[in-house]
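Two complexes come next, and they have one chain in common, chain A, joined by chain B in the first and chain C in the second.
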Partner chain A sequence: MKRYVRLYLYFLQFSFSKAMEFRLDFSFRIIMDIVYSLVNILFFKILFQHTTLIAGWREDQMLIFVASYILVDAISMTVFSTNMWWLAFQINKGDLDYHLIRPVSPLFFLSLREFSANSFMNLLISIGLLTYALGHYADPFSWSDLFLLLALLINGALMYYCCQMLLILPVFWTQSARGFMDLFYSMGIAMERPDRIFKGWLRVLFTIVLPFALIASFPVRLFLEKFNWPTFLHLVAVTILLWILMLGIWRRGLRAYSSASS
Partner chain B sequence: MNWWKHVMLMELRKILAYRSDFWITFLGQTLIQLLVARSLWQMIFASEGVKVMNGYSLEMMNLYYLIIPIGTRMLSGENIGFVSREIYEGTFTRYLLYPISVFQYKTLTYMTYSLFYGLQLFLLYSLYRLFFTTSSITVMDFSNLLLGVGLFLLASLTYLLMAMLIELIALWADNIWTLIVMLKFFVTFLGGGFVPLTFFPALFQDILRWTPFPYLIQVPAQTIMGMSQSQDIFRAIALLLIWALIFMELIKIVWKRGEKQYTGVGI
Partner chain C sequence: MIKVSSLSKTFTSSIKEPGIKGSLISLFHRQKQSKEALKSVDLEIQQGEIIGLIGANGAGKTTLVKILAGIVHPTSGDVKVLGFTPWKRPNEYRKQMSLIMGQKNQVWWDLPALDSFLLLKEIYQIPVAQYKRNVEFLAETLMIKDQLKTQVRKLSLGERMKIELMAALLHNPKVIFLDEPTIGLDLSAQKAVRHFLREYQKEFRPMTILTSHYMEDIKELCPRVVIIKEGQFVYDGALSKIQGVLGDEKVVSVTTQSETFRIHVPRQDLANKTHQIFQEHDVIDLNIQDPSIEEVIESIMRTGVHTT
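Now for the complex of A and B:
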């Protein structure tokens, strides 16, 4: 464990010095993420011009939800996204060999090697946005509510990573260059909507099979509404199952990996 | 065979190289965006207790969000980095050696993608209307569909020029994909890709009428649905062409200066 922490610190050091080499890109990335946040806030602002409640939430409650999924996205962009971007190419080109022979977990190495230092600034901005949203929230809340929200949002970021992996790992079998990354980005929209809008089989899809709707919506529901065990246990159970599934597919994928490039 | 036919066939082969991936992604993207948007609007219509909002019934919203994902794919054509990546890697040099203009070549490869997605839009929309026609929407009209897909193609050309202008910044900067992502955010949001523009405040709509954004997404989509009047279509064609000319002139200026910066080495 200690070795992995030390290794991760080296990853951080390397990533920050690399980010500083491309200063213009560093600034562009910050502006891009600010635009992403603005567009999301404006989207719901426009909807609230025409309705007073969306999925049972008022505008100030919705702002907390928006800030929450922006935070999840920022964590994902900072910690995982660059690694995820390259993973499919590495499998496709046979570059995984170099990682399989290293004396560290290849999953750890491939998922965390590149810390996106330029997105780190946006992580700070998204924390600021969540603080602003909480400051404008009309109802009272306790520190324990806030702690639970933050812990569940971090869990949400890990779920988001698992979902992304599930749509990349088919590359082991399809040999395509990007896996289903485009599909993943489209599905991300389900994370950006309150889970209550989904009914029937679509609800099953987004809350159990590919649980995008659990990532931010369930944590915010547990924060805004009274804590309830079924919602919490649902979240915990799906998280555990998702990890088991992702690790199982990763292992099977490694067995199917031929090393030859395509 | 003319050179452009060779180029188009080669691009089509690239598009269909991984067929299962391609079709799963296409159907998945379209259906998911449609179903998520439908779920949201269903809830809003129900909570407001209305049948029509800002000129859209729920059924029209469904149609709108069926068209939007494929329409925006048509705009995006060959996707991010079609010029900047090649400048970054130094492979842009080969286009300078070809006996045809690099801009003609890139326009053709880009538009092959747009044309292919246009065919998908044509097929999917026809199938949807065949199976889900309802009384509250005007009868499916193939001339509207053809006109709308044509407008999307013209919009793709204008968007290509906007994107090209930004891609050429790679002659000075190392990494510009973030700028293209920003352009996509702006175009999708201000073009009515997230919410139809009739839901925007009136002042905002008035300003947007003079920009290319509504004509890139909303107007072509509404034309397919039979919601556009002939003057809307003429205005869209005129404004798209005017903006295309403006971007073309800007590209000429940027290229004239940037060409001297290009080393052909790559990073």
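Now for the complex of A and C:
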């Protein structure tokens, strides 16, 4: 475990020194990220000019939700996205060989090796946004509420990663270069909506099968409304299932890779 | 010790007729095609031994090496390397093994070599003293000291191969698989790599399997040779026994006004023979080369050297 922490510190160090080399890209990314945040906030601001409640939430509550999913998105962009982008190609091209011979988990390496230092500012901006949203929140809350929110949002980022993996891993069998990544991005929008708007089979899809609604919406709901066990346990159960499923498919994928690799 | 018993590997792949029609057909009806890359091969290698594995493209060299390195699952048969089953990939095995593929790089392009090495030090948990000693020794022997702080992508092909070798040997592996380590390198870089491998083998005595397209690599480094042809070993024995065939022949390609031909000529007859060719033909171009791996294997088979 300590070894993995040290390895990750090296990843960070390398990524930052690499990012310094490309300064233009660095500043461009910051502007892009700010625009992304503003568009999201504006979207709900406009909606609130026509109504006072959306999915049971007031505007100050909705701002916390928006800040939360922007934070999850920022974590995922910074920590995982570059790796995910490469992973599909590496599997497709048969480039996992060197990862399989090292005495270290290939999943760890392939998922975390490229920390996207360019998006790091994005992470800071989103933390700032969440702080602002909490500052303007009308109801009282305790430190433990806040702690739970943050912990569940981090868990949400990991769920997001799992969902992404689930749509990349078919590359082991399909031989298409990107798996179902486009599907992932078009469905990922479900993360950016309060879960209450999903009814019927859509609700089943987004809270159990591909649990995008659990990534930010459930944690925020537990924070804004009273903590309740059913919601919390639903979240925990789906998280566990998601990991088991993802790791299982990953293992089978490696097996398929080993049989086909020449 | 490496012990391979009746090891086979069959690949299945689906084939598709060319064009859009073929794609449509393959959507509904996949035709499977299987290829036997290895057909029940046996092999035993002792600690400290270095063997040369030669064969044409697609003969099964890389497949064998990848099975031994644990990347590929075999179809049947058994393999034990240092007592481990490679494709189960236990960490104790992976820590003592190293694989170098001339056509794939394992160090990170955007980083200076030393940064990659630090990462490897962590991955293999190499003690600081051993790490320092190895970096020193390897950089010295490979004469690459001054390039360690340059980003790898800015290095020449030969320098990059040297970095790859360093990276693969930092943890003092007991088993080394070298798959075409000199491919694409210019003559002086090939020479440097060969020189290094000989020194390294002398110093650390690992078990090494070397595959190469260049007979020079094999002749200089491997007292024992295994020849693989269409997934089967057709020769496993001392280099000295086939040395005659290996070193003795040259291939002369001749282009004249009217025709082009190639003949195999024993080295000692080379002067006479070329003289004769110039006298008998109206030569435009004449080229003297070493025989290709395929031709060498053919002549070994012809002269009737059999598995010992």
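Everything that follows uses one rule, which is that the second predicted complex is superposed on the first by the 257 of 262 C-alpha atoms of A that agree within 3 Å, B and C clash if a C-alpha of one lies under 4 Å from a C-alpha of the other, contacts with A are read in each partner's own complex, and residues count from 1 in each chain.
Methods note: contacts are C-beta pairs under 8 Å (C-beta built on N, C-alpha and C of every residue); 3 or more make two chains touch, one makes a residue touch a chain.
On a predicted model such as this, the values are computed, not experimentally measured, just so you know.
Novice: When the two structures are overlaid on chain A, which partner does A:Tyr36 contact: first (chain B), second (chain C), both, or neither?
Specialist: The first partner, chain B, only.
Novice: Per the contact definition in the header, classify A:Asp182: touching chain B only (first), chain C only (second), both, or neither.
Specialist: first
Novice: Check whether A:Leu53 is in contact with chain B, with chain C, with both or with neither, and answer first, second, both or neither.
Specialist: First partner only.
Novice: After lining up the shared chain so the two structures overlap, which partner does A:Asp25 touch, if you call chain B first and chain C second: first, second, both or neither?
Specialist: It touches chain B, and chain C stays clear.
Novice: Once the shared chain is lined up, is A:Phe147 touching chain B (first), chain C (second), both, or neither of them?
Specialist: neither
Novice: Should A:Phe198 be classified as contacting the first partner (chain B), the second (chain C), both, or neither?
Specialist: first
Novice: In the superposed model, which partner reaches more residues of chain A, chain B or chain C?
Specialist: Looking at chain A, the partner in contact with more of its residues is B.
Novice: What residues on chain A does chain C touch that chain B touches too?
Specialist: In the superposed arrangement, which is not itself an observed complex, chain A uses no residue for both chain B and chain C.
Novice: Over in the complex, which chain B residues touch chain A? Could you list them?
Specialist: 18, 20-21, 24-25, 28-29, 32-33, 35-36, 39-40, 42-44, 47-48, 53-54, 69, 173-176, 178-179, 181-182, 185-186, 189, 194-195, 199-201
Novice: What part of chain A is in contact with chain B in the complex they form?
Specialist: 22, 24-25, 28-29, 31-32, 35-36, 39, 42-43, 46-47, 49-55, 174-180, 182-183, 186-187, 189-190, 193, 196-199, 202
Novice: Okay, in this complex, where on chain A does chain C touch?
Specialist: Chain A residues touching chain C: 3, 6-7, 10, 14, 18, 95, 97-98, 100-104, 255, 258-262.
Novice: Under the stated contact criterion, what part of chain C meets chain A in this complex?
Specialist: 11, 13, 37, 62-63, 66, 69-73, 87, 89, 91, 94-95, 97-99, 101, 104, 106, 108, 110-111, 115, 118-119, 122-125
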